[in-house]
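Dropping a structure here in structure tokens format, bear with me for questions.
So that you can tell them apart, the chains are marked A, B, C and D in the order they are listed, and the count of residues begins at 1 in each.
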Amino acid sequence: MSAYDSDPAVQKVREDVARLHGELTRYGLVIWTGGNVSGRVPGTDLFVIKPSGVSYDDLAPDNMILCTLDGAVVPGSLGSERSPSSDTAAHAYVYRNMPDVGGVVHTHSTYAVAWAARGEEIPCVITGMADEFGGPIPIGPFAIIGDESIGEGIVKTLTGHRSRAVLMQNHGPFTIGVDAKDAVKAAVMVEDVARTVHIAREAGPLIPIPQDKIDSLFNRYQNVYGQSSDARR
Amino acid sequence: MSAYDSDPAVQKVREDVARLHGELTRYGLVIWTGGNVSGRVPGTDLFVIKPSGVSYDDLAPDNMILCTLDGAVVPGSLGSERSPSSDTAAHAYVYRNMPDVGGVVHTHSTYAVAWAARGEEIPCVITGMADEFGGPIPIGPFAIIGDESIGEGIVKTLTGHRSRAVLMQNHGPFTIGVDAKDAVKAAVMVEDVARTVHIAREAGPLIPIPQDKIDSLFNRYQNVYGQSSDARR
Amino acid sequence: MSAYDSDPAVQKVREDVARLHGELTRYGLVIWTGGNVSGRVPGTDLFVIKPSGVSYDDLAPDNMILCTLDGAVVPGSLGSERSPSSDTAAHAYVYRNMPDVGGVVHTHSTYAVAWAARGEEIPCVITGMADEFGGPIPIGPFAIIGDESIGEGIVKTLTGHRSRAVLMQNHGPFTIGVDAKDAVKAAVMVEDVARTVHIAREAGPLIPIPQDKIDSLFNRYQNVYGQSSDARR
Amino acid sequence: MSAYDSDPAVQKVREDVARLHGELTRYGLVIWTGGNVSGRVPGTDLFVIKPSGVSYDDLAPDNMILCTLDGAVVPGSLGSERSPSSDTAAHAYVYRNMPDVGGVVHTHSTYAVAWAARGEEIPCVITGMADEFGGPIPIGPFAIIGDESIGEGIVKTLTGHRSRAVLMQNHGPFTIGVDAKDAVKAAVMVEDVARTVHIAREAGPLIPIPQDKIDSLFNRYQNVYGQSSDARR
């Protein structure tokens, strides 16, 4: 048991994170136990993440895992008998170094990984991409699991960048957002954009969108779109 | 409250528009909250459209939004506490300028957007496309959201054209129809056609269909196909 | 009313044909109201076919339509207030001219239509295709709806051919079988084969299968595969 | 009746094998009655496999078929009135010759078959593939059903290889695992890898992953990933 187990703010993030994994399967972004969503507990130095190697059918608020910002499981907390996602260190690094980030998502979604395997950023040639990402989707460095290099690569690439998505070379997309839902939306949109631009380019040259139009679309979408209480979600 | 809230004709369009959004998800044409369907209320200067930024799971007749033909929400009507789709101005422009149009649909469906990103019309090389669209699917101008340019582009491209679908350059498909269902059918069919012709052409040259055969297929389909009370739906 | 409405053999085919349409949607072979399945009533000069322009959600045994072998609706029979599929004449032609055929299916499935739009037969380069079709999937002539030319093209192409599927040029696949289920299986398999061979060839040259191996696979599959009471289904 | 029908170990494998077929349909790896999963009964010379030509909707523990390691059905056992999968001889050969293998799966999944039709191994260019397979996915020889040549080809290719998947030329993937679940996971992953690498390469050259990084990813994943009681599942 942990005192956090009865904290309504922690419980809310557990519920959000568990439920939002369902969006990854709905859009076909993950297979088997791959992929993971995490969410920061607002006002604390904690975040909630998926357990490692557990089937999507079996995810529930109570088996989500509560971690500190150095990636350690909170001892005795709900779900702490399991190991957290093997990508936990990368999520933790992002939360420590990007204080405005409230959610992180990682998948191996097909088309995003395809761009990553070529190390090629996705050019901004469709208005929906200008709306959502404000320009190209950048490539992050090649980095393998086991130390802080994945987290460093994400933070270095996305800091100061409009895009909430980075394609880690030969690996796949990581996305960030103001909360877990926003990061999941970015994961859904980056695969859509990766697929559409891939298919478009198979058949001939693409028409660029002038930079001032991209700027104008991005600014409108960040400020106007959606219901006022739920901007960019 | 608004007097329109108890009008059965308005209620019928609310139900149709809410339900028809389910066809967009069934056929994988939309993700997250993207895409929108609207329907004109027969015999009035009103139309019903999806709210902005609301999940497809949460759409219902009572949260559809009633608008006048200049795109303004009818004050006090059901759902009017929300903002209408950010594409409402484009829908309104179409209804004002194309009096026979009873439904408008917009999506970012993958293959249709791919043709739009190249600014390339879809050639009519399959009989099902001749049936449904009577020739190629045209490209509309590049236009960004915020004034009437999207609506103008749709109306200018589709007026006098057999096709009920236009691919707005770098953006995506807009479709029209005699009612919302007919426009949704066109949105489903244009993605199917965009995908099939894209795939066909990847592997080699396509065999054209002679113009007189296209004409004959189109004329038959508009007049004969389907049950007599439900032609072209 | 018709005396056939109480005939158990007719009723059985109505149930099979209505239910088998569900396999077309399960495998994504059809959209909206496109596609159709028919089945011959064993021991009679009758067949049962889908009504025209009716949603897949609304198909049921009682709205399937009973036709004679010249394609006319049996007056007064269940469902006869509706029009039969606009492809009824083609189905009828096949039943009249190929007495061993007990089922016919037509779809506009994506990859099969793509080969048809190039007028290119599908080469037999995978063992599953050798099993099922015994060689390449042939192309039929360009023919438009409205007379007997579609039916003639199917019969001329498939008579004496191992394949139960033909790709009508610029149009799409028609398949035949010993009964409706067998023809539906062929429709499912031809799309699978069309997709797999298309994708395989995108990336480089394919390895041919020697003719004697194709023959051996086809002969085994027709005679051995499956439970003895259900060969080739 | 057979004494094995009341053996809880046999019953457990029947349940696992029947249920695991649902993963093949969930991920779209099989159509109609194609594909098959088998599992060895631990501590015995028996395995359980799918019946031939039976619909995925109708699979249940009691119609799975119990076989000896020479591929013969155990007389009188549950389900023995049906024929086992036509690939039973290949499964049996693998169990006889690879004593550590506890599960075998065969599908005709689209992208894996596409590589097989070109006889081209899948290069290891994504980290998820290094994790799971430790290098390229190899091609096995062309072999047709009817003798031991398929089993021999699988065993010869996979013995001493890190990969748990082989693409039999012109045919499709066979996968092995420590149990049926592990082999099914490999079948799911090999199609994902085949699709992603195919798509990646369509658009330009791929960045190789250095061999020492592949080794490091593979070793970590085999030893660390997942919950301790369920490594590599």
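Following the convention adopted for this analysis, a residue touches a chain if its C-beta (ideal position, glycine included) is under 8 Å from a C-beta of that chain, and two chains touch if they have at least 3 such contacts.
The structure displayed is predicted, hence computed values, not measured ones.
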Original post:
In degrees and to the nearest 5, what turn takes the CA positions of subunit A onto those of subunit D?
Top reply: 90
**OP:** Since subunit A and subunit B are copies that touch, just let me know if over half of their interface numbering is common to both, same, or not, different.
**Re:** different
Original post:
Roughly how far is subunit A from subunit B, going centre to centre by Cα mean, in whole Å?
Top reply: 32
Original post:
From the C-alpha centre of subunit A to that of subunit C, how far is it in Å?
Top reply: 45
Original post:
Tell me, which residues of subunit D touch at least two other chains?
Top reply: 202
Subject >> Pairs of chains satisfying the touch condition >> reply: A-B, A-D, B-C, C-D
Subject >> Contacting residues of subunit B [partner subunit A, same complex] >> reply: 31-34, 51-54, 82-83, 86, 108, 110-111, 113-120, 142, 144-146, 169-172, 198, 201-202
Subject >> Complex interface listing, subunit B residues touching subunit C >> reply: 27, 125-128, 185, 188-189, 192, 195-197, 199-200, 202-207, 209, 213, 216-217, 220, 224-228, 230-231, 233
